[in-house]
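What follows is one structure encoded as structure tokens, with my remarks underneath.
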Amino acid sequence: MSNAIGSSPQIRVSVQFEDFNLGDEYQEIKNRDQGQGAVVTFSGLVRDNNLGKNVKGLFLEHYPAMTQKCLIDICEQACKRWELAAVSVIHRVGELSLNEQIVFVGVSAKHRKSAFEGCEFIMDYLKTQAPFWKKERFADGEAWVDAKQSDQHAANKW
Amino acid sequence: MSNAIGSSPQIRVSVQFEDFNLGDEYQEIKNRDQGQGAVVTFSGLVRDNNLGKNVKGLFLEHYPAMTQKCLIDICEQACKRWELAAVSVIHRVGELSLNEQIVFVGVSAKHRKSAFEGCEFIMDYLKTQAPFWKKERFADGEAWVDAKQSDQHAANKW
Amino acid sequence: MKVVFFGKLREQVGTSVIDVIETPENIEGLLKVLKSKGDNWRQAFDDNDVLIAVNQTLCDSSQMLSFNDEVAFFPPVTGG
Amino acid sequence: MKVVFFGKLREQVGTSVIDVIETPENIEGLLKVLKSKGDNWRQAFDDNDVLIAVNQTLCDSSQMLSFNDEVAFFPPVTGG
């Protein structure tokens, strides 16, 4: 997470081409959080979709001037709503193959409920607010992924 | 996770003295889950309590004949309620120092909501049903940890 | 019948396992037997919330008993 | 005023950035200017849900504009 920045030491955000190592990111959170009781991580991976077309991979486009600012803003909202000790978000961009890691969110807190909710909140907001767009690559072509109603509902519940 | 067993290939449970490596456990879940989109992990660590006594560590007692059976049962309940591809639970027993890892729950699923809820459900049930007891070690003595009402409430919500 | 104890309850009764020769009809009956074993036994069961498992499955005090059951008594659990 | 486009919308209008010399009063006005640039422009904005950001912050079409704003149009986001 070399290009990680945050508005406070609690928050680290990175938008990057490179893959990440979940074990290293977990360790980094523990080093930063001063001995909290609970760490929740989420990772999202490129998967084959439901529509019967075999997904070979993804192209992930983003809005560079806005992305990091938006992710930091989402993390700051999470830190206002829950008592969180450390928050990390990594989102990859560019070309990704099937089963590759796309996104990581890690949250540590004193209490597990805060860690679970903070992590899920960040993912739900990221899914509906952060300026990323996926184009799926198939054997015989490519198509932009449509936004899902269920993601909007998930974000509205908070 | 050498002594891991489960009633189905979906479920792996281990009760052990040894520490675990979160990165390895995450990889093991991904190897087993056949390309799911979402992985959520929880880890709980020994932390200093709120009561002003400095916790040096914990002794974790359990009921060997019941522990693994109970954890598998909790995982099976989670797999009935949510579509989960792979579930791992590791719980340590014996003497643990401050900041050591106590428990790991990892869940993979096609959809992130299932992965988050399945993981939190397992932790909430484990906290109120699995036969483990913590005794905190202080500089000047030791004391059994009291069960928390908030844990019972968390389990009742499911 | 094997009866096992854990955690704080184990310390209060001063043993982790006993053998009960005559099997009571149910848990209520077994509790009477145990509480008659001394002040520390009575206090251990009166002062604390006690959970019960028969053959490693949680149950309540109406649970019927057989001579080869394993019965466990323990405080509310605090793992995780 | 710099106007940028992303994702499917970028492909439909055939460019990722344009410079609009006369700054319209608000987003509504800017949309009129853009839709007049050709059938593909009109269709791109009529056929899709379009999100708007001014200076990298999401907003709605009543948002007032200044000459040095950066305006972005894009489809609903699909990251994560």
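For reference, chains read A, B, C and D in written order, and residue numbers begin at 1 within each chain.
Note that in this section a residue touches a chain if its C-beta (ideal position, glycine included) is under 8 Å from a C-beta of that chain, and two chains touch if they have at least 3 such contacts.
What you see is a predicted model, and the numbers here were worked out from it, not measured in a lab.
Q: When you check each chain against subunit B and subunit D, which touch both of them?
A: A
Q: In angstrom, rounded to a whole number, how far apart do the mean CA points of subunit C and subunit D lie?
A: Distance between chain centres: 72 Å.
Q: Roughly how many whole angstrom separate the Cα centroids of subunit A and subunit B?
A: 24
Q: Which integer distance in Å separates the CA centroid of subunit A from that of subunit C?
A: Chain centres of subunit A and subunit C, defined by C-alpha means, are spaced 49 Å apart.
Q: Could you say which residues in subunit A touch two or more other chains, in rising order?
A: 44, 112, 123, in rising order.
Q: Quick one: label the inter-chain contact graph as line, ring, star, complete or other.
A: line
Q: For this structure, give each pair of chains that are touching.
A: Listed by label, chains in contact pair as A-B, A-D, B-C.
Q: Using the touch rule from the top, collect the residues of subunit B that touch subunit C in their complex.
A: Against subunit C, subunit B makes touches at 44, 60-63, 65-66, 69-70, 91, 102-103, 123, 126-135, 144-147, 151.
Q: Okay, in this complex, where on subunit A does subunit B touch?
A: It is residues 21-24, 26, 30, 35-45, 47-48, 98-99, 110, 112-113, 115-116, 119-120, 123, 154 of subunit A that touch subunit B.
Q: Taking the touch rule as given, give the residues of subunit C at its contact with subunit B in the complex, in rising order.
A: Touching subunit B from subunit C are residues 4, 6-8, 10-11, 49, 53, 56-58, 70, 72, 74-80.
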